[in-house]
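Shared between the two complexes below is subunit A, which has subunit B as its partner in the first and subunit C in the second.
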Partner chain A sequence: MKTSARFHGRWTPFALGLPQLALIALFFYWPTLKGLWWSFHLVCPFGHCSSFVGFDNYLRELKDANFYASLFSTAVFSLFGVGASVIVALVLAWMVELHQRSGRLFRYLLIWPYAVAGSVLGVILRVASSPSIGLMGYLNSVWPGFWQPHLNGTQAMTMVVFAFAWTQIPFDFIVLVAALRSIPADYMAAAAIDGAGPLRRFIDIQIPMIRPQLFFVATMNLIDSITNSFAIVDTMTQGGPGGATNILAYKIYRDGFIGLDLSGSSALSILLMLLVLAASAVQFVVFERQAKREA
Partner chain B sequence: MVERHPLLKAMTLTLLALSLVFALGPIYLALCSASATSQQILVHGLALLPSSHLGENLSAVLHRADVGHMLLNSCVVSLIVVAGKLALASTSAFAAVYFRSRIRHIVFWGTFITLLLPLEVRIVPTYAVASDLFEPLHTLLLAMTGLQLHVSLNLLDSYAGLSLPLMASATGTFLFRQFYLTVPTELSEAARMDGAGPLRFFIDILLPLSKANFAALGTIVFLTTWKDYMWPLVATSRPEMRTMALGISTFLPTETGQPPEWNLVMAAALIALAPPLVVIGLTQRWFVRGITGVGK
Partner chain C sequence: MTLRAAGLWFAWMLSACVAAIPAIGRAAAFEFWYAHGGLYAQTINELCAGFNKTYPQDHVRCLPQGTYEQTMRKAVAAYRADQQPAVVEIYDIGTADMMRSGAIYPVDALMKDTGHPTDDADYLDSIRRFYATPDGRLLSQPFGTSTLVLYANRKKLAAAGINELPQTWEAFGQALQALKAHGESCPAVADYTPWKMLEQINAVQGAPIASANNGHDGLAARYDFADGIHLRYMRDVLRWHAQGLLLPAILTHANDQTLAFADGECAMVIDATGAYAIVAKAGMVDAEVGPLPVYAGTTRYGNTIGGSSLWVFKGETPAVYSAVARFLAYLREPQQQLFFSARTGYLPLTHNAEQKLASSPSTEPDAIRVGLASMALPGNPYNAGVRLGFMSLFRLIWQEEVQRALAGRESMDDALINAQARGNLLLERFQATYRASTAGAP
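For the complex of A and B:
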C-alpha cells in the first residue's frame, strides 16, 4: 500500500491492536511458555513444586511404547481422514459442477453437516454403530461377533475416521466448488471443442487449475486432524479400545488432566506443536513458491 | 458444457443422491430415533422411519435439569465470542494495514503466530491461566522483584472464562486484512486530505464498507463456537455452566444404570444441532462467503 494512504501516529495502531495482543499474550503465549517450562521440569501433580530435569521428560516420552502407539494412531487417523475428506469433497464438487440445474440443490444440502458439532456427531454415530441396536447389528446376525467397534481397534479407527471426514467435507467442498467456478469458462469450452470429455477435462484442466486450493484444504484438514479431532474421539471411543484411537491430542489431555502428569503431557504438547509447525511451514513454503511463480 | 453425456449425468446424479444419504443420514437418524419410544428402539433397533413421539421426547429432554441452561450458555458464549472476535479482528487488522508505524508489523506477526498454537497443544497451561488470571503476573513479579501478590481471579465456570480464550484469532484478523487491502487506497488518501483522523476513517468509511465481512465472519465464528467441545470441557465443572455441545455427552448411558433411553439421547442431539443448522440454512450466502474468504 502507498505510504500516502497510511496514517501517521505511533501509538494509535498499538492501542488498536492491544486488546487482541493482550488476550493472545495471556491465553496463547504465556501458556505456551509455561508448557515449555513444565516440559523441562518434573512438576508435581498440581503444579506447586518442580525441579529441573533437562530433556528427561522428552526422553521418557520418546522411550515410551505408548507414545509410538499414539503417534501411529495419529498418523493413520490423519492419513485416512485427510485423504478421505479431500478426495470425497473433490469428487462431490466436480459432480455438482457437472449438473448446472440440480447442482444448486446439492450445493445447498451438502454443506448442512457443517452445523453438526463433532461431539454431537460422535454421540449419534456411537448410538448408530452400537452392535445391539445400531445399523450394523445385522452384520452380527450373519457373522456372529463381527461388528464390535468397542473391542476391535480397526473398526473403532474406521468409525473415528469416518466421523472426522464427515465433519471436514463441507468445508473442503465449499472451497473446492468456489475454486472450480473460478476457472475461466473459455478453457473448458476450448477443451470441449477439442474433443476432451468431462472426465478428461477434470483430470487435465480442472485438477491442475485448482491445485493451490486442493493443497490448502489438505493442509487445513491435516492441522485439524492433529488438533481438532478431540470431540470425536472423546465421545466415540475415549481413545480405546486398547489405545487404538488414542491420538496425540487426546493423549495430551488424558495424561495432563486425568493422569495429572503435567511434565509428560507438556513434553508431548511441545512435540505436537512441532508437528503443527512443520505442517504450517510446508504450507507456507508451497504458497510462497506458488505466489512467486504467479508474480 | 455443450455436449451431452446422458450416462455420465445419470451416474453422477446417482452418486450425488447417495452422498446426500451419507451427508444427511446422521441428522435423519437422530430425527427418527428422537421420535420413537424407548421400547421401540430397544426391541426393533434404531428407528429408520419417523414416528409420532417427537414432541414428547423433546419436552422430556428440555425438562431435564440442565438442557435449558446448556442452550442458554451456548447462545450467550457464542454471541459474546462473535461480538468480541469481530471487534478485535477488525481493529487489529486496521492497525496492521493503515499505519506507517512499525508497530503494525508487531500487531500482524503477533497475531499470525497464534496459528501455530492451537488450543489442543496448550490445553493444560491454558486451564492453569484461566483458573487464576493473575498467575502470569505473580510469576513475573516473583521472578523479577521477589514480591508476592495475593490477588487471584478465577475464570473457570464463568462466561468470561468460556469466551475470552476463544476470542483472539488470526483467521479473523486475516479476513479483515485481506479485505482492507482490496479497498481502494484513494479512500484513505482522500480522508487524510480532508483532515479525518484514523478513527474517523475507520468508523465512518471502513466499517460501513465491511458489513458483508462482519456478516460472513460472524456466521462462521458463531458456528465454530457453538460446536466447540474441548474448552468448555476443561473450563467448566458445574453442570449448569455446560454448553450444549459439551452437555450432549452426558446423555450417553454410563456402564451401570437404568436401561439406556436412546430416544432421549437422540432428541438431545437434535436439540444441539438444530440452532446451527437453522443458521446455515438461513445465512448460507454469508457462511459460504466466510469460508471462501478464509480460504483465500
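For the complex of A and C:
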C-alpha cells in the first residue's frame, strides 16, 4: 500500500467516520440493546413497571403455534418473492442484452419502478386487485368466487409476493445487466461461431459466469424479504386472511405497535435479527470461498 | 465596531426577552391530541377554536394523530420521551392500560383540584359504567361515544315486502332472504369486526365476554364467550355469509360498510350511531334506524358504548392544568356536546344534554334517538363493555380465527374456542405484567 493513501494522524479516519457511526449507534445499536433488554422483561407500555422474566418471552414465542405459522408464511413469502424477483430480472436483463439497440431504452424504463415506495405500491395494487372493482372485479362477475384474497390465503400470498417482486426486480435488473455486460464479448462470439444459439449461450456461458452476482442479488432480496416487507403487507392484507400473510416483520409490528406488547415483540425482533445474521453469515462464507477459489 | 455590534445584539436580546414576558405570564398553552379525520376532525377543530375564543387567556392546540391505534402508540412514545401532550383522546379498549399506566392525572382529581368538580352521576349510566373504576371513579372524561344500531334502506325493504325493521335476529335473517329473493345483490354488509359482532351483541343480550364482570373487577378476568349467545350469533353469521346474504365490505364497490349502505349499494347495515354523519352527508333520505336486533324470546338489556375518552397526562404546571380543566369543562357543556353530536352522530354524554336534546326533537337525528333509547334499558353485570388487557391484539386474533371459519378452514365453533384460548394467554400475560406494578388504579 502506498503511504500517501494513508490518513495522517490516528484520529482523522475516526473523525471522518464519526457521523456515520453516530447514526448507526443511534438508530441501530441503541434500539437493538433496548430491544434486547425488553425481551428479557415484562414491560408496561408507559414504562412504569418492568419485571425480569429471563427467557420466558422467547420460550413463549417458541412454544406458540402462531410463531411457527408466521415463520412458515415468512419462508413461503421469501422463497417465492426472491425466486420471482431473480428469475424475472434475469430474463429481462438477458433480453435487454440480446437486443443492444432498444436495450438502452428499456434499461432506463425498467429501473424506474425502483423509485416507487413499497407502501405506495401496496395501495395501488390493493385497489388493482380488489375483488369488487377493476379487472379482478370483472372476472369475479363472470366467474363468481374466482378471486377472493379476503378469504383465500394462497391468493393473498400471491398478491404480496407479486408486489414484493415488483419492488425488487429493478435493483436485481441493474446488477444483472452490469454482470452480463462484463462477460468478455470474445466468449460469446466464439460460442456463436460454434453454432450456439442465444438460449444455449445463456445457459452454458452467461448464467455460469454471473453466478456470483445472482447469488448476491438473491441474498439481498432474501434479507429484504425478511426485514423490509412490512409496508407491502400493511397496505395490502394486514397479515390476513386468517393470518396467511402474517410474516414475521408484520407480526412484530402488530404485536408491538398495535398491541403494545413490547416484550413479546422485542423477543420476536431479536429472533428475526438472528435469522438475518444467519443469512448474512452464509453469504459471507460463500463469498469468501469464491474469492479464495478465484485468487 | 465590534463593541457596537455586541451592543446591538445585547439590545435585541433584551427586547426579545421583554417581549416574551407577557406571553409567559398570560397564555397557558397546551396540546390536545385527537384521533379523527375528515368531518369529525373539522368539528373538533371548531370546538377548539370556540374554546380559544371563549378563554383568551388559554390556548389549546388541537392536533390530529391518525387512527385510535396510532394515537395510542404516539401517546406511549411521547410519554416515554417526556414529550406528551396535556390531553389525549384514547379509544375504549385503551382504558385498561391508561388506568394502570401511572402516567395520568385522573380527571376527577384534576377537576376537583382546579375548582371545577364534576357530578359524575350526570353522565348517562351506560357511559359512566363503561369508564368507571371498580370504586366508581372516572379517571378520564368520556368524549366520542357511539353505540350500535341497525340502519335499513326503507325503500329497498318495502320493495321486498318488509314493512317494519327487524327487531329479532330471526326476523333479520328472514329479511335478508326476502331481499335476496327480490333480486337485491347486497341484502346486508358487514366489516366482520369484534366490536360489532362480539362486544355489542353480547352486551345487548347481557351475556358475558369475560369473567370478573368482563374485566371491570380486575386483572384475574379470563375470556368466556365461546359458547352461548356469541356462538349462536356467529353460526348465523357464517350461514348468512355462505349464502351471500351478509357481504364482506371488501366485496362492495365502496369497500367500506358504512359507505356501501350510504351509497345505496346495500340494503341494511349494523353500524355505529357515529356513522350517521356519513349516511346523512351522502344524502340518503331512505335511511331508517332501529335498535340492534336480539334473539326472539331473550331479554334485551341496555346496550353498551364504544368510542373514546380524554386522558390528562402528568407533567404540566398548575397553570396549564387550570386551563386543561377549563377546556374539559367547556367540552362537557351541554351546548358543545350537542353541537358535536348533531354534526357527527356521536351521542350526548350527560342527562343534562340529553334533556336539552329531547326538548327540541326536531334537531335530533334518528340514530342518536334510537341509540340513546337502546342504552337506557336496564342492565346486568355484562352490559357495560369490557375492561381487558391487550384488547387490540385480541380483536385481531378474533378476526383471524373468524376469517378462517368464513373461509371454511375451521368450524365456527373451533374458531371461537381458539380465539378464547389465545385471548386468555394474552390476559395471563397482562396480569403478569401489571402484577408487580404499584402504579395506578386496581
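Basically, the second predicted complex is superposed on the first by the 290 of 295 C-alpha atoms of A that agree within 3 Å, B and C clash if a C-alpha of one lies under 4 Å from a C-alpha of the other, contacts with A are read in each partner's own complex, and residues count from 1 in each chain.
In this section, a residue touches a chain if its C-beta (ideal position, glycine included) is under 8 Å from a C-beta of that chain, and two chains touch if they have at least 3 such contacts.
Just so you know, these numbers come straight off a predicted model, no measurement behind them.
Asks: Which partner, subunit B or subunit C, touches the larger number of subunit A residues?
Replies: Partner with more touched residues of subunit A: B.
Asks: For A:131, decide between first (touching subunit B), second (touching subunit C), both and neither.
Replies: Once the two structures are laid over each other on A, A:131 reaches subunit C alone.
Asks: Please work out whether A:44 is in contact with subunit B alone, subunit C alone, both, or neither, and reply first, second, both or neither.
Replies: second
Asks: Report for A:254: first if it touches subunit B alone, second if subunit C alone, otherwise both or neither.
Replies: It touches subunit C, and subunit B stays clear.
Asks: Going by the contact rule set out at the top, does A:118 touch subunit B (first), subunit C (second), both, or neither?
Replies: Touch status of A:118: first partner only.
Asks: Applying the touch criterion given at the start, work out whether A:166 contacts subunit B, subunit C, both or neither, answering first, second, both or neither.
Replies: A:166 sits against subunit B, while subunit C stays out of touch.
Asks: With both complexes overlaid on chain A, does A:243 touch subunit B (first), subunit C (second), both or neither?
Replies: Once the two structures are laid over each other on A, A:243 reaches subunit C alone.
Asks: For A:28, using the defined touch cut-off, is the partner it touches subunit B, subunit C, both, or neither? Pick first, second, both or neither.
Replies: first
Asks: Counting only touches as set out at the top, which of subunit B and subunit C does A:280 meet: first, second, both, neither?
Replies: first
Asks: Does the superposition put A:151 against subunit B (first), subunit C (second), both, or neither?
Replies: second
Asks: Output the subunit A positions appearing in both contact lists, the one against subunit B and the one against subunit C.
Replies: Shared contact residues on subunit A (touching subunit B in one complex, subunit C in the other): 47, 132-133, 257.
Asks: Looking at the complex, which residues from subunit C come into contact with subunit A?
Replies: Residues 69, 72-73, 76, 79-80, 97, 100-103, 248, 250-253, 255, 390, 392-393, 396, 399-401, 403-404, 406-407, 409, 422, 426, 429, 432-434, 436-440.
Asks: Using the touch definition from the top, list the residues of subunit A that touch subunit C in their complex.
Replies: By the definition above, subunit A touches subunit C via 42-49, 51, 53, 60, 66, 130-133, 150-153, 239-243, 246, 254-255, 257-261, 263-264.
Asks: For the complex, which residues does subunit A have touching subunit B?
Replies: It is residues 1-14, 16-17, 19-21, 23-24, 26-28, 30-32, 34-35, 38, 47, 88, 91-92, 95-96, 98-99, 102, 106, 108-128, 132-135, 137, 166, 169, 171, 174-175, 178, 188-189, 192, 197-199, 201, 213, 216-217, 223, 226-228, 230-231, 234-235, 249, 252-253, 256-257, 262, 265-266, 269-270, 272-273, 276-277, 280 of subunit A that touch subunit B.
Asks: Can you tell me which positions in subunit B touch subunit A when the two form their complex?
Replies: Within the complex, subunit B touches subunit A at residues 1-3, 5, 8-9, 12-13, 15-16, 19-20, 22-24, 26-27, 29-30, 33, 41-42, 45-46, 87-89, 91-92, 94-101, 103-104, 106-107, 110-111, 113-130, 133, 136, 164-165, 167-168, 173, 181, 185-186, 188-189, 192, 197-199, 201, 223, 226-230, 233-234, 245-246, 248-249, 251-252, 262, 265-266, 268-269, 272-273, 276-277, 279-281, 284, 287-288, 291-292, 295.
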